[in-house]
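Supplied in structure tokens, the structure appears directly below.
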Amino acid sequence: MKKIAVLTSGGDAPGMNGAIRAIVRVGIKRGFEVYGVYGGFHGLVEGKIKKLGYSDVSEILAKGGTILESSRLPEFKLEEVQDKAIDNLKGYDIDSLIVIGGDGSYRGALSLSKKGINCIGIPGTIDNDINGTDETIGFHTALSNIIDAVNKLRDTSSSHHRCFVIEVMGNNADSLALYSAISCGSELVITHKTGFDEDFVIAEMIKNETVYNKRHAIIIVSEKILDVDNLAKRISEETGFSGRAIVLGHIQRGGSPVPEDRILASRMAGKAIELLINNESGKCVCLKNSEIVAMGIEEALKETNQSKELLYQLFEDLV
Amino acid sequence: MKKIAVLTSGGDAPGMNGAIRAIVRVGIKRGFEVYGVYGGFHGLVEGKIKKLGYSDVSEILAKGGTILESSRLPEFKLEEVQDKAIDNLKGYDIDSLIVIGGDGSYRGALSLSKKGINCIGIPGTIDNDINGTDETIGFHTALSNIIDAVNKLRDTSSSHHRCFVIEVMGNNADSLALYSAISCGSELVITHKTGFDEDFVIAEMIKNETVYNKRHAIIIVSEKILDVDNLAKRISEETGFSGRAIVLGHIQRGGSPVPEDRILASRMAGKAIELLINNESGKCVCLKNSEIVAMGIEEALKETNQSKELLYQLFEDLV
Amino acid sequence: MKKIAVLTSGGDAPGMNGAIRAIVRVGIKRGFEVYGVYGGFHGLVEGKIKKLGYSDVSEILAKGGTILESSRLPEFKLEEVQDKAIDNLKGYDIDSLIVIGGDGSYRGALSLSKKGINCIGIPGTIDNDINGTDETIGFHTALSNIIDAVNKLRDTSSSHHRCFVIEVMGNNADSLALYSAISCGSELVITHKTGFDEDFVIAEMIKNETVYNKRHAIIIVSEKILDVDNLAKRISEETGFSGRAIVLGHIQRGGSPVPEDRILASRMAGKAIELLINNESGKCVCLKNSEIVAMGIEEALKETNQSKELLYQLFEDLV
Amino acid sequence: MKKIAVLTSGGDAPGMNGAIRAIVRVGIKRGFEVYGVYGGFHGLVEGKIKKLGYSDVSEILAKGGTILESSRLPEFKLEEVQDKAIDNLKGYDIDSLIVIGGDGSYRGALSLSKKGINCIGIPGTIDNDINGTDETIGFHTALSNIIDAVNKLRDTSSSHHRCFVIEVMGNNADSLALYSAISCGSELVITHKTGFDEDFVIAEMIKNETVYNKRHAIIIVSEKILDVDNLAKRISEETGFSGRAIVLGHIQRGGSPVPEDRILASRMAGKAIELLINNESGKCVCLKNSEIVAMGIEEALKETNQSKELLYQLFEDLV
């Protein structure tokens, strides 16, 4: 009986558990023995491997995080570390590995692939920054978490004539910021694509206050661009709004996965099993035009080419 | 200045307000005067028409239902009723109408289109049963509502060794039932596609109880197929589970729209305005392969040809 | 080392798990060995008893239902059945039993108490119908569930000029109906206290529609009083509202317990342990004027004497 | 007809709208004309006063924040500023004022009271730090918001062996921190009462990790005590946990009020009207032992004497 393993790596993303569940159940139905690696590549190197059965993945579909735990292991780029991992897999007669994670995890999978392990990648990251896939597992839940938070902030901001400067996650990608800006009807969005001009922001806020007579304003900012406290301070000083900064942080990646992430995770996991049946390796699973397809991991590691111009234009038209 | 109107019709769907907001704001930005018709086709016939400005649609993006209200008007198929509607539009110099609703609403739009009004349809229904579009506005929120409810039922079902038979909406379509079954990890799904064999259901429940040792079970049933109370009763009598029936009803179509519906609504509304600019008529807006496109309303009124075989197979593989 | 047991009985209530957790942890800290009885009095008779340690109750505080499962066992009033239960407890050298449940469960505890088992009752029921305690565990969460559901119904009802007739739980008590009516701002509440006069309801709805010009109306009805479908039908026929009936059902008792129930459960469990340390028996734990106190179970089984006249008056003043 | 006014002041609290609604509706029913002051004491000084009718307060019960807006006005302690406010009230023939807010707002009310305005205070603050009342309006909702956030953080913390140091609001009071610590089952709570010893925290975390084998830990910290980033850093360096700091911030005071706050607000507002009918002045409304009572504002401004020793002991017993 063919043996396969699964691990989760990098930042955890809601829906990873749904992918694990589907890999185990579909895998078993297709005749595999399925093993879980605990603690990502770190656990793989340390040999934390355990066989998983049907009921080990009961009641996890609705849980955030990952029951297999995760980690980051920069040293995995070293050959001797990779060899240790391969030895551990071989010790269990496992020749195939499904890696759920972001681009760092894909790089690890690619290395093992080149050394003869059949690796399949599944995009699990809230950042939605993987080339070739329209969506990554966790993105929808993170978006939902942001919108919930903004809803709460809006209540209090109207009462105090406030402008909230809200920093959201997304690493270097703009998906979370742009989608949440459109979803919450924010007054401004600042991403790597839009760039950041402080004077422009101040001018816009003054316009919102004086021309549109708004009682509150929301600015959504991608992480790693600016100091939200500074911006909030300047807004307080130079506009009629009282500026306040919020860094949403880890609550974005928590919570029970929304249905979209549960379904995407299940579909992608099913595809991963299919790829292993067909002896494909070094591939990753993508959502492309509503269908689940495969592409080479190397291709997926290139910079994402999703154009969001239409969405930026839409945002502009709505404010 | 060109004048356009918008109405919502049929069952309300969360996200309709996002579409109205975007039609008003994008419309005004593109040089239109935008009018709202209150109460669907009924209101159109009665002449309940009001001009809408930028701030009339503030603070509605996060609200369920439709601020324009809705109705069903079977008599709209009569020519004299349609003529009344057209007279009312002409009284305001309005020659274009955007109709947000399901297939019944599309039929109304088609009739007016044939009589010279530029009509554009936007698919607003939780049922996701419109041909040509991968998703309709409201579907994602309804799905989310169902999953929330099932989560709550699961807590109590584990404590009492229960099997819940849960009827969900969806009209004659199977999208809501199938997607929610996969999302909540139900033990069984019954739709028009699967058909319904009571003995099979009982046998499956006995298997879940005796073979898989499950402490609870969930059966998701599409509306209009069977009497859930009867089925629950038989489960109580013939299996170890205590059967309970739940008809989720209108809570499925309520609630603040999830981000996916807000974005979809905004994108579709933007496209509708674009179509009017290009003098297209008798068309409706669709999401096809992640893009917003247009197709003829007549085409959209044909039976939907979305094949869900892969998803049914996935569901089977996961239970 | 003194050995004590805990069981949950009757309808499950969110927060029962918090009580179990606190009994185990506080119990162990105070020097007891704590045993869990699985499946309520039924499980007690069948001897389903297991020792519980610190980590057996980790991660359960936020979960609805009860990990000890529950049941109803009418035959427990038979002496021979009670004796079986006592034999099982004695087999484990257990002489004290904490029973979490409603009045039926209290009666079981009282019987065992009279036969020499030190029994302590903790009020776990969403109905808030136990004499002597201001609140029962689960009541706050059920209230929260109802309000969430009504919020969703309100969205859709405004869009269609609807009157929703919503049946809520509460057994023969009026707490859930009255508190939810005040919390959601309903137009009418019908409980055993208010009584039910169909003509009056119709007249009130006509007043809401014609005098107050309301676009929607909500009627909250306690279970076991009237047929909500019939009432909704008459509202459709005789008022301008379109009537719709909803039976909220089991979603009311599901979901993660709200903080109020988690705290109440923890406090009450702490008190139960204290009572056992003091060798008190046949007592139950109550919340009285913000303090946790004890009273005799027999006293608690009398009809509840909570007067809610002020709240009914308040409801009247607010509509 | 007697005229009364209402204002909200200080930090907004969920449930304030429920109090406003009840003041307007009960007030009108009792024969008053009710005026709203917009923008707290600031608006009072500027004369932003508007009559409120029955339907002005429709649909606000479920909304967070305050429709009357709020502000802080330190200069209100100046007599000439107070006189300006009184002139404005007299301009409308208003001789009574209900002030909803925290202790700062109570001081303003007391000043006006001494100058002949009948002032009644209602405790509206999430901090639950007003002497004489067991609960303040907004406290329950803030608690619920914190628990929601911690739930989400727990998911991700288990996946990464994390310890989250979570700063919650509460001003100088410990209610929010202590109640949320018990509700979420945190490993540690740090308030002004517990004090803060960094070495002790580190030792506790090491114990949780090594003795109890915990995969994650939560520390709840009251604001204004310590730098959560520093503490998280030291935890990362000296324990096996990866420390992360979160300042929950304004999301704590947002969101639709939970039922407990809606009911409390309605009850307290009803009492305020009753006090005005009885010509009482300089009083504030309190919840004491489940009943709504009145006490002198001066008394309420003394330091709160709620002892929480039993709850601290309970927390200790549960970890």
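The chains carry the letters A, B, C and D, assigned in the order they are written, with residues numbered from 1 in each.
Throughout what follows, contacts are C-beta pairs under 8 Å (C-beta built on N, C-alpha and C of every residue); 3 or more make two chains touch, one makes a residue touch a chain.
The shown structure was predicted, so the numbers you read here are calculated from the model rather than taken from an experiment.
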item	value
Intercentroid distance (Cα basis), chain C paired with chain A, Å	40
Centre-of-Cα separation between chain C and chain B, whole angstrom	36
Whole-Å gap separating chain C and chain D, where each centre is the average of the chain's CA atoms	28
Multi-chain contact residues (two or more partners), chain A	151, 154, 256
Topology of the chain contact graph, where touching chains are joined (line, ring, star, complete, other)	ring
Full enumeration of touching chain pairs	A-B, A-D, B-C, C-D
Chain D-touching residues of chain C, taken from the complex the two chains share	21-22, 25-26, 29, 54-55, 61-62, 134, 140, 143-144, 147, 151, 154, 179-180, 182-185, 212-213, 256, 258-260, 262-263, 266-267, 270, 289-290, 310-311, 314, 317-318
Chain D-touching residues of chain A, taken from the complex the two chains share	8, 12, 14, 63-66, 69-71, 145, 149, 151-161, 164, 215, 244, 246-247, 249-251, 253-256
